[in-house]
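Each of the two complexes below includes chain A, the first together with chain B, the second together with chain C.
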Partner chain A sequence: MSARKPYVRSMDGWWRKNPYFTRYMVREASAVFLAVYAVILLIGVFRLSQGAAAYGAWLAALTNPLAIVFHGIALLAVAYHAYTWWKVMPKTMPMLHVGGRRIPEIALSAVGWAATLAASLVVYMLVRGVS
Partner chain B sequence: MADAEKTIEIEVLRYRPEQDREPVVQTYQVPFTDDTSVLQGLQYIKDYLDGTVSFRWSCRMAICGSCGMMIDGKPKLSCKTFLREYYPGKLRVEALSHFPIERDLVVGIEDFIGKLESIKPYIIPKQSRTLEQGEYLQTPAQRDQYEQYSSCINCLLCYAACPQYGLNPKFTGPGVLALLHRYNADSRDQGWEARQDVANADDGVWGCMLVGYCSEVCPKGVDPAHAINQNKVNSTLDYFGMLKFLLPKGAAK
Partner chain C sequence: MKRANEPIFWSLCGAGGVLSALVGPILILLTGIVAPTGIGVPPEVMAYRRALAFAQSWCGKAVLLAVISLFLWHAMHRIYHSLHDLGIHAGAGAAAVCYGFALVATLATAYLLIVIGF
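Up next, the complex of A and B:
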């Protein structure tokens, strides 16, 4: 008879045991804010299709302090999500070589971060220019 | 060796299946110098303090992959980690996470060995060559596509770093999937088709959520997260019947 009695440890609370895992969970959770924001924006488009009065009511609802607080948090969450998204993106790409040397992951991430910043600036300036 | 000997406290998570219902912490006072590794600390315990402490080790120079353990909660090779890093505090060593503990710091690795066999970890040539045809030729650029993944020493630190494996032990896991890619990416191998069943499975590359900690803890710079996630692209191309676009390209002729 085997004297083996392997002990399997519990996974309870695994993501609190290592800061790396906690950051991973924050990264994943930040997508929820992005999704909720997208739904709010889609509702705005839908209200716009119903006419000026409906769109005006949607805009008015957004001036609620709760809505403003949510958008502040969502902005931070989405910024973090964009940062982490580009940080892990190079892991999904094949090895790229230029002139016999491998392009480092940080260079690929940096292109993504720069593109995100540029796109955000363009959108911001468009919105400011219109209103 | 001129520096004075200091003493550090090492907590060892003990599990003796014949007497313990669950693991218990036991503490030892271990003298050390600047060049004493955690493994040497454990060897001191076994030789002078408590001969019943069990742990695996062999080469003492980070190439055999035997002495992986959790050191203060992080998966590390104990031969490559030094006691001085934890002084004047104490440190805690524990069997590798996500594996069943057999005894003390020794874990059961049958599951890993079975998965390793499942990916056929050897070159399966597209067309076998006769002796007269000579060797398989490979350019340095073709070698670069797999060399880093071939550095894996099966130390299992990446499994102990992977919560997906802890939560779902059916997941093929970082090390084996990195080796799967090591052979697929070798221009001498027939590539994707040889191992597509393992890669495409729910518990294959799709079991990975890109936590990324496996690549952080790998002592050999294998970067399993990169090996796995490029193959999500390949698995998707396979799903849509576009195998000819597979990455990396270029099987040897």
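Up next, the complex of A and C:
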């Protein structure tokens, strides 16, 4: 053991001191909700493989008010993540030019947001339509 | 020289990020709120027969595996990197736990989809 005691600055609550960092941490927290949601779906597939009774119990568990509240928070968190995902996308890709002018970042983000809306509509129509 | 394995995890995370940005909110809304409460969709939308037929089709299997697996690769990659922000300077052990969980969940989903049949 070294006799030195180097000073290590505490990291407690650093992200609460600046709204920008708070938004960053809220967005990163959305990953936890996404992971839990994926595990809920995985349990659903597992229960489906066990038969009608087991799957029915899984469906019934989803109607529990706590499950509804969880999905409500997860919806907000993942929707916020989707919003920021497309917002930063232009910064992660090469600049695009049309007619010598750079395509503004907001236009590229708008394509992403429109893609999410279109994909959501398609999924909803498919789920409704097949029934 | 040891090659970095980060690009593999990064690309799985990126694919999951795109997929979750496109269909994450609508899927949570449909399976977690709309279907259980029966608001806006027919009550039998997630009934056993429909869910089974979906999981037995190649298309359904592909959707279920892609959604569960890529959502988890994406989420676990971000959770792993967020540990640093929380002051947990995690090394190879935390990486093994995070990516190991995503890998086990992927294999479990694939196995279950085979068990469910065609």
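Brief remarks follow.
Simple rule for what comes next: the second predicted complex is superposed on the first by the 116 of 131 C-alpha atoms of A that agree within 3 Å, B and C clash if a C-alpha of one lies under 4 Å from a C-alpha of the other, contacts with A are read in each partner's own complex, and residues count from 1 in each chain.
Quick note on the criterion: a residue touches a chain if its C-beta (ideal position, glycine included) is under 8 Å from a C-beta of that chain, and two chains touch if they have at least 3 such contacts.
Bear in mind the structure is a predicted one, so any value in this text is a computation, not a measurement.
By the touch criterion defined above, A:V127 lies against chain C but remains apart from chain B after alignment on the C-alpha atoms of chain A. Look at A:Y55: by the touch rule set out above, it reaches chain C but stays clear of chain B.
By the touch criterion stated above, A:R102 is placed in contact with chain B alone, chain C being left untouched.
Contact with chain C, but none with chain B, is seen for A:G72 once the two complexes are overlaid on the shared chain. Contact with chain B, but none with chain C, is seen for A:K91 once the two complexes are overlaid on the shared chain. Chain A has more of its residues touched by C than by the other of chain B and chain C.
In the superposition on chain A, contact is made by A:W15 with both chain B and chain C. In the superposition on chain A, A:K5 contacts chain B only, with no contact to chain C. Residues 11, 15, 28 of chain A are contacted both by chain B in one complex and by chain C in the other. The touching residues of chain A, when paired with chain B in their complex, are 3-9, 11, 14-15, 17-18, 20-21, 24, 28, 88, 90-95, 97, 100, 102. The touching residues of chain C, when paired with chain A in their complex, are 17-18, 20-33, 35-37, 41-42, 44-46, 48, 50-52, 55, 64, 67-68, 71-72, 74-76, 78-79, 82, 85-87, 105, 108-109, 112-113, 115-116. Residues of chain B touching chain A in their complex: 15, 17-18, 22-23, 73-74, 97-98, 100-102, 108, 141, 144-145, 163, 166-167, 209-213, 215-216, 223, 225-226, 229-230, 232-233, 247-248.
On the side of chain A, the complex with chain C involves touching residues 10-12, 15, 25, 28, 31-32, 34-35, 37-42, 44-46, 48-49, 52, 55-56, 59, 62-63, 67-68, 70-72, 74-75, 78-79, 81-82, 85-86, 112, 115-116, 119-120, 123-124, 127-128, 130-131.
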